[in-house]
Amino acid sequence: MNEFLWPVRVYYEDTDAGGVVYYANYLKFMERARTEWLRELGFEQDALRDEEGIIFAVRAVEVEYLKPAHFNDLLNVSVRTLRAGKASVTLTQAVVRDGQTDPLCLATVRLASVDAATLRPKAVPGRVARAIAQTEQTAAADSSATYIE
Amino acid sequence: MNEFLWPVRVYYEDTDAGGVVYYANYLKFMERARTEWLRELGFEQDALRDEEGIIFAVRAVEVEYLKPAHFNDLLNVSVRTLRAGKASVTLTQAVVRDGQTDPLCLATVRLASVDAATLRPKAVPGRVARAIAQTEQTAAADSSATYIE
Amino acid sequence: MNEFLWPVRVYYEDTDAGGVVYYANYLKFMERARTEWLRELGFEQDALRDEEGIIFAVRAVEVEYLKPAHFNDLLNVSVRTLRAGKASVTLTQAVVRDGQTDPLCLATVRLASVDAATLRPKAVPGRVARAIAQTEQTAAADSSATYIE
Amino acid sequence: MNEFLWPVRVYYEDTDAGGVVYYANYLKFMERARTEWLRELGFEQDALRDEEGIIFAVRAVEVEYLKPAHFNDLLNVSVRTLRAGKASVTLTQAVVRDGQTDPLCLATVRLASVDAATLRPKAVPGRVARAIAQTEQTAAADSSATYIE
């Protein structure tokens, strides 16, 4: 998986009186894509929480807003693994209008694997870590994209 | 307390590309007012949950959208007790622009007191029920407002 | 089209600290389904606004919350035409967990067709009205569902 | 004005099934504080848009999530001017639980002043620029806070 893509339609709920997608809502779109990326890798987050006792918490985000998205736009939100650590994963994500190439929004997102009860760092379970590491290797081989860092 | 009022400022987050407050967001404003109304009566919802094991869950809402609210508007959201039952409370709420009298939005909201763990109906704790019943009596004495039912 | 169905996945953004979908967010799910229902009928809302000068504004909603939806649930949101008027449409909508039949949430939603600039009532354009009227006829023939009214 | 503070109460709408404030919602809290900071400086954003033809658009954010906020928490959100340019302003913002000192969330937010119609860069109006520049000078004199950059 070089790059995972998840389609997101812009509804009225996502826009603001400026006529464009409200800046906080891109973080919702990105979290949807991350959830679907994990599902594609074979992991349901409710099962990870209930069976492995871990949840992925966002520790830091860096977001660049380049061009606005509008009501009714169909967007594609990407997920790429930048670094996978023992109890953390750093991803880069882009929001691109369907059929276009220039990103509207770029982000780097640092996730921590934490204990679902105590919220303290807890190692990513082995099979999850291995699946994510594989996306990292493929991502490293592809140098076509530039992201904020 | 004839009628409880809670001020709400409209920020960009609340509006949509139509230039007005998004219809679902009035329900957020109304829940903020209900939370502050309970606080005014002396009850913190996190304490009710942690100490009495109950939460108030919304069972039904009826909302009429009469006029739009806009970015930067200062609104007042009211709470009135229509009926207080053993494990339920029905409230009427209105959203009015500050300094005006015509409501922008009217609602009837039926809440159920439920067990925080099982989400099954559970009687409103006595001291909470008594405090709410008192707001009901005063509301009944005041017939100036008409609400949807 | 007896009944239009639109799938909605529950993400963290949709839930609250009670562990369930926040009550206002069902209105977002329902609006997504209405948007996709209109698209299925052949109408893009941004084109209706820009070319015909009309938008559909919600005038009233009645919502019954029957059972909670949870994080990661896959839901289906239905749209059925109850009544189609000159400048208004009344729909019934249900939210059902995928693979189940009992609704979690039922709603009746009254929409007004309004001028995009003045927000005053404006007749639904003919071709849109005809397409909606057809969904009304089929819905009338099917009496299997009971909705709040 | 060394540092502007705006109180924000956490309601159910702000939390997620993890029991904490949803990560995107801190951006809403921060925008509320920025709006009130501009109001405190004497500027209403709807007047700036309607009379001066400018809006402040977010170009970039960097957010660090340090500790979670919970339902019913009372938070204080700060605004500090880091740099004021011709058509841009960079602010640092912190979210702190009322009565505490350790931040839950820190952010750097870069705003661009843009033409309300074209969304292209447009110089901050003189009187607004002067008011913001004054907050910059005072902030510079106070070196007690460390923020992410």
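When the chains are written out, they are named A, B, C and D in that same order, and each has its own residue count from 1.
The rule is simple: a contact is a pair of C-beta atoms (placed from the backbone, for glycine too) under 8 Å apart; a residue touches a chain by one contact, two chains touch by 3 or more.
Here the structure is a predicted model, which means the values were calculated and not measured.
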Joint neighbours (chain A and chain B) are C, D
Relative to chain A, the most remote chain by C-alpha centroid is chain B
Chain C to chain D, mean C-alpha position gap in Å, rounds to 36
Chain A to chain D, mean C-alpha position gap in Å, rounds to 24
Chain centres from averaged Cα atoms put chain B and chain D apart, in whole Å, by 29
Multi-chain contacts in chain D, i.e. residues touching at least two other chains, fall at 12-13, 18, 20, 24, 28, 31, 70-71
Listed in rising order, the residues of chain C that touch chain B in the complex are 18, 20, 23-25, 27-28, 31, 55, 57-65, 68, 119
Within the complex, chain A is touched by chain C residues 9, 11-13, 28, 31-32, 35, 44-46, 70-72
Contacts from chain A onto chain B in the complex sit at residues 12-13, 15-20, 22, 24, 70-71
